[in-house]
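Dropping the structure in here first, questions after.
Letters A, B and C name the chains as they come in the text, with residue numbers starting at 1 for each one.
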Amino acid sequence: MRAVLRAFRRPMGAIAGGWLLAMIFVAVFAAWLTPYDYDIQALKEAYQPPSPAHWLGTDEFGRDLLTRLFHGARTSLSVSSIAIGISVLCGMVLGAAAGWFGGRFDRAVTVVVDLTWSFPEILIALILVAIIGPGTTGTMAAIGVAYLAQFTRLTRAQIMMLKGETFIEAARSLGAGNAHILFRHLLPNALAPVLVSAMLATGDAIILEATLGFFGLGAQPPTPSWGAMMSAGSALVFKAPWIILFPGLAVAITVVAINLFGDALIAELDIRARMRRAA
Amino acid sequence: MTQPLIQLRALTRRFETGGGWFTPARSMTAVRAVDLAIARGEVVGVVGESGCGKSTLARLVLRLIEPTSGQILLDGTDLTALPRAALRAARRRMAMVFQDPYSSLDPRYTVADVLAEPFVVQRRPMDKGAAEAMLADVGLPASVAASHPHQLSGGQRQRVGIARALALRPDFIVLDEPTASLDVSIQAQIIELLSGLRDRLGLTYLFISHDLGLVRYFCDRIVVMYLGAVVEVLPRPDAAPRHPYTQALMQSNLSPDPSRRRAIAPLAGEIPSPFSLPPGCAFAGRCPRASDRCRTERPALETAEHPVACFHPI
Amino acid sequence: MSALLQLSGVSVAIGKAHLLEGIDLALDRGQILGLVGESGSGKSLTAMAAMGLLPLIGGRVTAGEVRFDGTDLSTLGEAGRRHLRGRRIGFVTQNPMTALDPVQRIGAQIDVVSRLHLGLDKAAARARTLDLMAQLRIPEAAAVAEAWPHQLSGGMKQRIVIAMALAGDPDLIIADEPTTALDVTVQAQILQILAGLVRDRGLALMLITHDMGVVAQLCDRVAVLYAGRLAEERAVGPIFAAPAHPYTRALTLCIPREGMARGSLHGIPGAVPSAAAYPAGCRFHPRCARADATCRATVPALSALPDGGLVACHHAEPGAP
């Protein structure tokens, strides 16, 4: 955790981290930051370019774009981070079990994981949405499963590597049991790289969520999401370019910020070699 | 005669490798039928080159590696027959100091965490101020308790490793090359520390090393291993070698005294692969005294005051 | 006549860290110079400076000069220095496991040195390779030349590394802890080979080691480094018999000798300071029993001893036995 604070002290980390904090802030307080509602239509106000009243303009139904962008941040960030959170949790349990027990269980997990690893995430996500159906739940499940392989692999590799360390043997020589070694040594040491890679994956997940939204498979109207907003704006790109421009920028800047902050964290935690090893 | 603190009986460990789709299964005997008794208060050294099985032996004694066959007796109790809970209790009486002071401490633990771990694992109460006392025992200031391992020097880390080994006041400590990755100046500090602790706490050591000079300085009795088997037990550190391999080891050990310069007369050849040992004496291929018998028949370690496993001892 | 390799007052810095200061060394053909000291004393950096390899690690000589066979290395361009390395100076690294290219056959790796530096053609280079391997007592040289590095033992790999160092027919070999990664019986083989090269071919050998046994048995002269400065530089006999610098004396007392009673081994208290925390005055003073106010305030200069050695200590022992 101290590493997070230290990452803020790097110039890139500070800029990127500042943007991310701002995004989280607007996502949480979206309802109170602007005088408009995200779902009330005002057709007379449609297609307004950015102005003092509507900083980012309005969309084809006259809704304030800034308001929708803030609410969209809520959808995009919460869906991708919850999905990644669940994925990390499951991946760590699966990966730790595979790395710890080894043998047949490990081989079975490895085969399944390598199989899903060989498909692009978007394909897995599309298949899952087709099965579960569109909407936030479907999107979350799709993203969660799509990234499961990554976290399982990473955790497994960490556990396998740490198992051979002398301090594990030292703990055994004191009479430590399996639970002690797993929960007091292996998992805490495996945690940092997994969490950092989870953070980086959240960036990818935002894009994935936007992509699903763009195809109309994500959050359903009138709930705004960045992907769906871009999708609506894509037909109007010449008539009202701001409708697609601002959500697009939001996605791009947020993803870049996540990656920059992740890089700063990796540098602070000094785990570059360990991250690469597992990839 | 009093009962030895530690007694090894025909302790053997074989390792199997391969056996997959593309690699043939192979097996090697890392430790072959080792018999050894260690009296209370004794310092027994084990020397040999890489692959001789000394590190495996160290781990077998503490049952960190399960033996394939044989027995380990601690005060007459066979550790190999103990169930898990009883083994954990027995571990209070034995401890180990590892070679690499960098990887033997969890990088996320503070020194205080490291020192508390034995008590946590053994579910024993830890007195207030115990950590300070433990650090003082190994010559470290109490202020290092809050440090992480990466903030300490190699010598300091090894002292922490020793303090951890001493935490539960064991009788017996296995020292697995505790100074091999340290500078000579620090090595001497650590050896003197271990020597002082032994006198003060009445400890018994099994000291594993590749450095014959160091072992002869520090130990009461010296076990020489070659490719998994004990080839000689020197009853005193200054005893003259009887096995040709021990003699070669002694000649390879360079004296830090230019006035005693001698021509370096190295042993020919290299250590054979443990996966394809010759049928007879494992040393026969490099031995200047080897006869036909040595190449076909494996010499056993005789039971004598100065045991040696050789058909043509010096 | 000046020595083959001469370092005069060499100081080295990497970035803002001043790691070596005023190193004076000389090494002639047919001589073995031991460079000793604890980790962090600057042994390897001194070797890098002698080979003109500092730019590779972002270092530079800030004062003094390195002369090889009369030529000041700083006047040479990178091409000139490259010609020196390999052709005139051979290098043997500490870890033979990583010194060889894993995807090239052994013979080819040695061939390339003599082809590059001596301009030999393929056949002549291979003949030279096999000749060198035979000189290093590598059995079945022709077969080993066709082998891959992973098929060889550590001792055999180190011989290959030595063969590579010799392939350019150098005048000087710099060996950085050449036997540290090897077993003692194999160490003896490698040392015997190195000593033989100096004796038979008149090579100069700079041997970096932490092992005082190796120094005592092999070297003609010994340079003791401490925290980036030269502490003492003398012939091997007197430096062991009557060390002038307290650090040298302390180092020799760290090693158990034949027949030494238990309890008579003395470590050196404390540890080598890092370059960022070098103390003022004599850098050894915090660990020295003889240190006084002068030592804490004033840097001791190198002064000549009656036997031709050098020592940097305010309280040096006369040194003459």
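Throughout what follows, a contact is a pair of C-beta atoms (placed from the backbone, for glycine too) under 8 Å apart; a residue touches a chain by one contact, two chains touch by 3 or more.
Keep in mind it's a predicted model, so treat the numbers as computed, not measured.
Undergrad: When you check each chain against chain A and chain B, which touch both of them?
TA: none
Undergrad: From the C-alpha centres, identify the chain that is farthest from chain A.
TA: Most remote chain from chain A, centroid-wise, comes out as C.
Undergrad: If you tally contacts for every chain pair, which pair is highest?
TA: Chains B-C share more contact pairs than any other pair.
Undergrad: Report the inter-chain centroid distance for chain A and chain C in whole angstrom, where each centroid is the mean of the CA atoms.
TA: 53
Undergrad: Just the number, please: Cα centre separation of chain B and chain C in whole Å.
TA: About 32 Å, centre to centre.
Undergrad: Quick check on the complex: what are the chain B residues that touch chain C?
TA: Contacts found on chain B: 49-50, 153, 155-156, 183-192, 195, 210-214, 216-218, 238, 248-249, 251-259, 261-262, 264-267, 270-271.
Undergrad: Residues of chain C touching chain B in their complex?
TA: Touch list, chain C to chain B: 38-39, 153, 155-156, 183-189, 191-192, 195, 210-217, 236-237, 240-241, 250-260, 262-263, 265-269, 271-272.
Undergrad: List the residues on chain A that touch chain B in their complex, please.
TA: 165-167, 169-177, 180, 184-185, 188-189
Undergrad: Which residues of chain B touch chain A in their complex?
TA: Listed in rising order, the residues are 59, 62, 64, 84, 87-89, 91-92, 94-96, 98-100, 103-108, 117-118, 120-122, 161, 164, 167-168.
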